[in-house]
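Okay, so chain A shows up in both of these, paired with chain B first and chain C after.
For the complex of A and B:
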């Protein structure tokens, strides 16, 4: 977690009252997290739409929801999109990060970085709308993409576009930590380009690759606006059903689905943490 | 290292394709907003009009949304900076008990799905604070959760890259802790603060997934207004207001980039997004 050069570490840190400055932020986060856990659970174990803080515990909503095949097909769509999108995104982002890093002209690299990262600053709604305009029937490409818009391929395309910068960032960070001497040493010792990549560069960037996969996967399974706009009601993910149930005033069901989404996220995070530890042990 | 011409060509084509892929949906929105046609049928503009832009600015939900979003973004940015900067300072410069745990607590919101956070703040407001629902303060308070990790990471990186000895020297020369912070440390981290502020403002301004839970459909922030309108139909006024957002965001990003570059801090310290 700590960077290679952190001057703060070398200087003696004083124990002083300024340490208390961390408190306001912590208090805010504690309120938010307690609200998350307490309210989510409290709302999910009630049957009627009521805004009281503590309703009698009733697991009917849970048992109905878990027995509903629609919920499971939604979970399936959510996870499938997460898997496909994160794989495609990382397959594009990995060579992209290398290309940007090894660009010779500084201005060209800066321009490419701007192209890659500036879309983060454009609202997801606007970017999804752009894909709608491109893909729609009678649009610039006629009916070429008829089977894409309001179907999974369109959703995947737009999600890859939305998540690409988040995949490039951790990969680029891990590439930048590789000392140039490593590849030079490998080359001096007679390793071919392919060998240098497979034996030196790939293992050293594996942690970045994993963070990219993890980040894109978790962002994709919780994405709301893009699947809602590009899916056109035909592709339904968990995030949409939570919103729809709030609209339908089915708050307890929405809470159950939110808990499921949160648990899925936590499972994914801990799986990646375990894999990273496994691989990290081999590298360091 | 020398590279073969074939590899160079491949690399060029790849970068070109990525650039087209990344920019295409933004360019098409810009085109749709200045083309007279109701439906954009060609990527070559057939004429030029500003009627969609003026129509968009006359459309009540968009007008209300622009003001609403700007207020939310400003308030959320201020709160996030006020909470995040002291926290980053305490973590970087003092011995905080449980600092490792606290660092992961500050990045944890990044892993929380925004719709889940949206639902929770919705439940929090309807249960405890019904008057916060649909207000600038209520939405901004929730946005702070999304902004805080970035503020703490960016300002923390800035502090890690600045020299604590200078502040100590100021203290030794008789400056009060506050004087030392505002006169010595703050100027050193002004660029990370600027980046954190700009990033926070734009993130909050653009937010949909969380915001949509916190406001009634008739009075919403701009991106939510666009989302709700797109669910009904597509027309060039939506393109027009989207274009305004794209241009404004890119101009702000470009200006910030230039300011940072001028300050000679093109490579600010790395920030890690995940806690271990």
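For the complex of A and C:
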């Protein structure tokens, strides 16, 4: 006997009305991501910009681009910046997050969070020119940091600054899930402060650390304005060459580079996901 | 089992204040080596704070904590000869059962690896968790987690094992079973166990000695029998076992009365009579100390429990042998008890 009274049936038939709420977001993402990526891929297999949607496939742009050593040096700079910036940011963010968590007074923790989040309240252009004023010869630090401006250290400094909040937040939320009892239990079992950190706190906050790394890395390798303004044309990342090629109307080449950037991002994201599974798999 | 430690604990004049709230007001307590000692009291009485002070996880404002003859008042938690079992177990979620238990052996690096492994296996066998060595805490039941937590603390062979409400998260049937097991582990290891609980039947079943705490002070410390038969205060009388408490003893023409019953002459703010000391007699019987209306009667197997109301409205519970009464709800009977069964508290000056 099957009928509406059978629980299995009724459950299947009834849709969750909340699912409709997801619709605008899904439509938006499909248009913004899938359509744009499809367009990019179609542009990358042309030799010049054309209004014909289904022009014949031509891989000349791909082979020129992949054989270009300048492109690979740009890819190298992009990845190096991503790696250095995400490591420095996370190393700074981790103690910051602990500091916010352990602050006893509510207003002090709120003030600390405001300081951490202040970089994203300032426009990227203003922030970058601010860094230029700080670093330039004759600035408040004399010529100490002169050699940093328009070179990689300056770009790294500014990128770490703006991406700090994106690292603090996931770390802070992972710290907040750890009950004080774990640290107390570790101390009670003879662990010194260093052992408590290494054997209990670090492994339990590793998922937060990894998502912070992942977020900052992704943001850094796609950053455009900060490297453009503080790199002074000497530090060229992938996002800038894409922009330059669009300016030069070399749309297929820009598309090839954009696809490379996307693939790099996807590779890094899946690497992080694999590591997270490996570490976090047993915790839950 | 050999090699397990056992030390006495001496607490002298320990006080502790959180902000403006005085949690412990001058506690002094002696705990014998190799005994099972319970700190019993209602929530908020300071018993957990006292336990955490023994563990070194909290620091007293004043006073001295001596463990095995050595002053440990200012010793950090990780250097004390004590180990604590948390109410929640606090097992590390990222480690297996065996690694959780081995944690406290790896921290001091004095225990060779091979010995550590055999000690972990030995202690997991003691708590009957040997076959779960490779499981993660999240896959264990509440009772299993508590066994692992106890093993993790015991494997370090502390001089004193501190337990913070170790059974309160478990269902009643499991609590009853684990009480017997806790007692057995204590006897097999010979370690001093100090156990915090709010459950008087748990304390009475487990402990050699019970310290009854209330509002930051130890009201009375002694064996379960001492506390039951000779309660030193009204609080202890009402907290340990069941008791009928009567207020305001007033002198009258014939003896003294409180709550409509006649008591032997004397001074007291309150009086206590155990339910099992009460007898029911006919209402007009000369031995009757006063009338009581039967509200309910219930048969529990070992006894008949009769609840009565005196002429002033005070409820009285009588616990009688089955067949000792035929009283029904609505009947009026006489309430009787021996003079010797009356405990008096707080004689007014």
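Note that the second predicted complex is superposed on the first by the 259 of 284 C-alpha atoms of A that agree within 3 Å, B and C clash if a C-alpha of one lies under 4 Å from a C-alpha of the other, contacts with A are read in each partner's own complex, and residues count from 1 in each chain.
In this text, a residue touches a chain if its C-beta (ideal position, glycine included) is under 8 Å from a C-beta of that chain, and two chains touch if they have at least 3 such contacts.
As the structure is a computational prediction, the values presented were derived from the model and not from experiment.
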Clash or fit (per the criteria above) of chain B with chain C on chain A: fit
Chain B versus chain C as contact partner of A:216, first or second or both or neither: neither
Touched partner set for A:149, first chain B, second chain C, both or neither: neither
Touching partner for A:258 - first (chain B), second (chain C), both, neither: first
Touching partner for A:85 - first (chain B), second (chain C), both, neither: neither
Chain B versus chain C as contact partner of A:179, first or second or both or neither: second
Touched chain A residues, chain B compared with chain C: B
Partner chain(s) touched by A:127 [first = chain B, second = chain C, both, neither]: first
Which superposed partner A:204 touches (first chain B, second chain C, both, neither): second
Which of chain B and chain C A:191 touches, first, second, both or neither: second
Closest Cα approach, chain C to chain B, once both complexes are overlaid on chain A (Å): 7
Interface residues of chain A shared between complexes with chain B and chain C: 187
Contacting residues of chain A [partner chain C, same complex]: 179, 181-182, 184-192, 195, 199-200, 203-204, 282-284
Chain C residues touching chain A - in the complex, by the definition given at the top: 55-57, 76-79, 82-84, 86, 88, 90, 92-94, 103-104, 107-108, 136, 138, 152-153, 156
Residue ranges of chain B in contact with chain A within the complex: 1, 11, 14-15, 18-19, 21-29, 32, 39-43, 82-84, 86-87, 89-97, 100, 102-103, 105-106, 108-109, 111-117, 119-124, 126-128, 130, 144-145, 148, 152, 159-165, 177, 199, 202, 205-209, 212-213, 223, 226-227, 230-231, 234, 238-239, 242, 245-246, 249-250, 252-254, 257, 266, 269-270, 272-276
Parts of chain A lying in touch with chain B, wherever the complex brings them together: 1, 3, 6-8, 11, 13-16, 18-22, 24-26, 28-29, 32-33, 35-36, 39-40, 42-43, 51-53, 92, 95-96, 99, 110, 112, 114-116, 118-119, 121-134, 136, 138-140, 158, 161, 164, 169-170, 173, 176, 183, 187, 211, 214-215, 218, 221-225, 228-229, 239, 242-243, 246, 251, 254-255, 258, 261-262, 265-266, 269, 273, 276
